[in-house]
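Below, subunit A partners subunit B and then partners subunit C, in two separate complexes.
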Partner chain A sequence: MNDDQETQAAAPAENRTGYSGPALATESKAHSMFSPSRIWALTMHTFTQMVRMRVFYFLLFFSAAIILVAFMFLRFTPEQELKLLKDVSLGAMSLFAGIFAIAGTALLIPKDLEDRTLYTILCKPVPRFEYLLGKLLGMLVLIFVSMLFMDALFCTVVGVREKILVKETADAYDQELAKFPERGQNESWKEQREEALAAITNYGLRWDLQAAVWAIFLKASVMTAVTLLVSTFATTTLFTIISSIAVFIIGHGQHLGRSYFLSGAPEGGFERPLAGVIAIIFPDFHLYDIVDAVVSGEAVATTLLLQMSGMTCLYLLIYTAAASFVFSNKEL
Partner chain B sequence: MSRHTRNLLIAFVILISFGYGRMYLEEPMAKDMVAKHYWPDTMSMETRDKVGQLGMTAALGGFRSLVASIMAVQAFTHWDAGRFDQAIAQYWVIVQLQPRAFFNWFQGMQYSAYDKTHSFKFPEDEKQRADWVRKYNEAVAEGADFMLGAAKYLPDDYRIYGQLGMLHAQKFIPEDWCKAAEYYRMAAACPDTKPYYHRFSGYALAECPGKEQEAYDLLRATYDDNIRFGSVISYLNKLEEKLNIPQADRIPERSKIK
Partner chain C sequence: MNDTPDAPAVEIEHLTKVFRVPSLRKQTVLAVNDLSLTVGRGEVYGLIGPNGSGKSTTMKVLLGLLHATTGKCSIFGRDSSQVDSRKDVGFLPENPYFYKHLTASETLDFYGRICGLTKAERRDQSARLLKLVDLEHATDRRLAGYSKGMLQRIGLAQALVQNPRLVVLDEPTAGVDPSGSRQIRDLILALKEQGISIILSSHLLEQVQEVCDRVGIIYKGDLVREGKLEDLISIEDQTEIILKNASPALLEKVRALAAGDSTEVISIGRPRTTLERLFLEETQ
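Right, the complex of A and B next:
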């Protein structure tokens, strides 16, 4: 490069091109290291990619399962029917959200590599952590939308079934009253009637059910972040899926290791350090297990939900940061 | 050291530091959740229960309720076919899966103390009666075991003690009125209880030898509170006779129930 060329390269653009008007938008906008709009574009791309893989077909199975459960067991008591319906629906939600979180996320990076989309994205000035963040958020949006559908269907079916059961029970008592009018004067009989109706309402549609649905979503979110982290260093999709399932299972027993480690019990060989390692490495999924309590009629405190949500944000932040470090210089 | 290896190390350090730090956030949260009854308190359990609970938690992950429901349907199928022993065995597992769901304990009790006992044919031959009573009482006792198991997880649930009272008052042969009275009294002392357990306790006490005065005081207080059901009046009439209560202190009503 001679002196003239050097001077020209260092000179402002307008001097080089001869353009002296207002600065062009493309040139004035400096490339930022973090762009929410880029992340949003990647998020929506991931969401669309998954939708095109026909993942929402599972909703048909979910609908069939809960409608079947809602109207099949006609010889159960009303409380038993509603409990069964809630158990199965929330269990199915948990199962589908877990499958999405593990299988869907495990497929993300290999699919982008196979379609060559990954190279198209990363050859542009898109930082790798933005790519990962976009993928993570895309999966979270997908899980959230699926859960919205499932929740709406679940609430509708529980609400309808509850109304039918309340009406049937009230009718049964009314028929008894018509047959034995003297029972209308019997306080115990009246109390029994009120108790039966209250029991159905207690097992029916309540706001606390939404807390259980939210906890399922949060657990699936952590699982998504874990799977994304594993997929950044995994060599095959199968490895990612199996490892993530293992983390999921161990994560439900992690609290045992943690309690033992923190209990201060005298060290017995390698047991306590091993418990500590398990507690440190694996996330605690047991913290999200409130479904049983909610189905049994326990009220869920708002502070607990806030704590749970805060913990989830922390998990997402840390696991995504770790995944970014692993992925940042990975040969693709 | 290559940049990739260095980054892997950084990621590892981040995870370990976070893992260590979060233990101190998660442990108090978990303890709080046990205190608020979202999970059973495994620390206060007997070893057998503890192993069962912890094993279930770890093995089934977040799908305990789903598995419990599937098992409840299987138990229902056994019950429908008259296979009560299998149905009851299923319920002993179900209650380990969802120990804080009263309904599961109640259902196990129903299958054992009511449905199974009704399936025993009353023997015509008097020699076989003793064996029949033994089998019958064993089934009722297993039903009571369900309720006693529930009491460990739900100590404040009036329904448990109410059901135990009913088993001792109506199902065991012969009835144990003193125990029934004690359980009804416990049911009446629970929060959000039903008012009738108080007077049920009085009825059972009236049948318990040596507790007649206590029964009279309790039922008289009930009567004075303007709760004057037929059974209250009937028992008071009987107790007034038995305790030789002066005519002036007796209630004016005479029950038609003998």
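Right, the complex of A and C next:
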């Protein structure tokens, strides 16, 4: 900063009056082919654009839905109730992240092309892959921030509900004890009480929930990259959205298809290479299926999380490289 | 490729651009046909031609937004297909639209950022350029509410944000009111005075005549006439005599080719056609 100002002050004043303005620090600098600050500018620009499109209003639906679920269903057992709450909330998070990833991303490039705002960016010294990277990261920041909000609300609601349920259950046992004081001496009754309370906590607020939320975010990131790739060659937004949804569905089913397809497939047949090609083109979302396990209170292995994160990075890299290749040859 | 000190601002060599039109039969459109032109440093070059003649296409290839089918373009000696050729260029596209969700100052800040300006520079440039294009009163309004002429002005400010050495203006005065149009003309002249090279296209021939050093007339993708403005609009086989204090009787005599008179001959030269007449002739 300071250096810049000094060179500015020291620059010769000739030709620098009136319309042409002061000397800028960039004028002497060589152009860099990769600039994190430029990418960050594009990222924040995309993020702001989406925010000002009022996408966060969607989150109100989410809030309303989970608060409704949390305090409506009172006829189940405490475990069922917490499980339902988590099911609905994580499902809604998945849905919103998916909608943001597909619908939001599908709009970005066609809108820039249609409004010709793309020209105004690419006629500046901005490499095309930086533009794409900015769009991708902008969407990821958007999804991340909205999931952060949903996660905070979700955890609060689950935590509060859990506390209430624990208290209610404990009170019920205490009332029973008040009625039948001899049960205080009964070991199996005390055990039963402890187990009931432990079951609720097991279904309650646990760190593994964050793993599920992280898995949802990673899956949405992959969908963002896929949609961005499709939108670089698609001619209409509708095509982009439909193709991306198709990839989403195929990505979920592909592990089933693969095991069915390859069981009993002969060596050297066409099946194996075909399955290989499909596995490369379409992401395998089976990897991210930890939500059900988490909802039923199972623990998540750290290695699984690392594997998931690593695969996601790989997918992002492959799809963004492909998008960048298509986009740099595109006629605008 | 490096910036060679004596390279012209713009060099277009045998540029041909063919568009494939998506249709059942493989149709193509020849938008620019073997076009060559050079814009020297500090020169103002006007590209004129009827609608659909290939002016915008030429500019887009020059800026690397379209790929040349054959031929090549360079800016200050750097090939247009390279990103760094765009470091010193400002571009105003035709009918520009900007991000509607940004205000005028945010817009300039954003374009300054992607050009690599520091925060202080962006603030200064933003204030200076908004004043320059007369949009100070609308600095904090989102562009969604801007009129066509206001968008054109913010577009001009955006093109100048990194103090480029070459400015490419595609119909800079389209949709701008007469006084705004005169302001833009003055701005172009001021940029020229600072030694900035300009290539512009316009349908307002009077303005082109006022600001351009050289003009190219492009018709159906071909550069049909090109040259210094004075040369283009002078009529070769005629001579113009301007007389001062000539009495009607004298005029009679002059008309009768009376020579050796005491009349002072102020100027003898080529009479001018208007650029408009030339334009119509060349593009029939």
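We take it that the second predicted complex is superposed on the first by the 286 of 332 C-alpha atoms of A that agree within 3 Å, B and C clash if a C-alpha of one lies under 4 Å from a C-alpha of the other, contacts with A are read in each partner's own complex, and residues count from 1 in each chain.
To be clear about the criterion, contacts are C-beta pairs under 8 Å (C-beta built on N, C-alpha and C of every residue); 3 or more make two chains touch, one makes a residue touch a chain.
The model shown is predicted, which means the values in this text are computed figures rather than measured ones.
Once chain A of one complex is fitted onto chain A of the other, the partner contacts of A:291 are limited to subunit B, with no touch recorded for subunit C. Once the two complexes are laid over each other on the shared chain, residue contacts for A:52 go to subunit C alone; subunit B is not touched.
Subunit A has more of its residues touched by B than by the other of subunit B and subunit C. In the overlay built on the shared chain, the residue A:41 is in contact with subunit C alone; subunit B does not reach it. When the shared chain is aligned, subunit C comes close enough to touch A:120, but subunit B does not. Residue contacts after overlaying the shared chain place A:94 against subunit B, while subunit C stays out of touching range.
Looking at the shared chain after the overlay, A:332 reaches subunit C, while subunit B stays out of its contact range. Of the two partner chains placed by the overlay, only subunit C lies in contact with A:33; subunit B stays clear of it.
Residues 329, 331 of subunit A are contacted both by subunit B in one complex and by subunit C in the other. Those residues of subunit B lying in contact with subunit A across their complex are 2-4, 7-8, 10-12, 14-16, 18-20, 22-23, 25-27, 29-30, 32-33, 36-39, 54, 57-69, 72-73, 76, 80, 98, 100-103, 107, 194-196, 229. If you check the complex, the residues on subunit A that touch subunit C are 1, 4-5, 8, 15, 18-27, 29, 31, 33, 35, 37-38, 41-42, 45, 48-49, 52-53, 115-117, 119-127, 235, 329, 331-332. Across the complex, subunit B is touched by residues 73, 75-76, 79-80, 83-84, 87-88, 90-92, 94-95, 98, 187-188, 191, 195, 216, 219, 233, 248-249, 251-253, 255-256, 258-259, 261-262, 279-281, 284-293, 295-296, 298, 300-301, 304, 307, 311, 314, 318-319, 321-323, 325-326, 328-331 of subunit A. By the touch rule above, subunit C contacts subunit A in their complex via residues 19, 22, 60, 63-67, 83-84, 86-87, 89, 91, 93, 95-102, 110-111, 113-121, 124-125, 128-129, 132, 155, 158, 160, 162-163, 168, 187, 190-191, 193-196.
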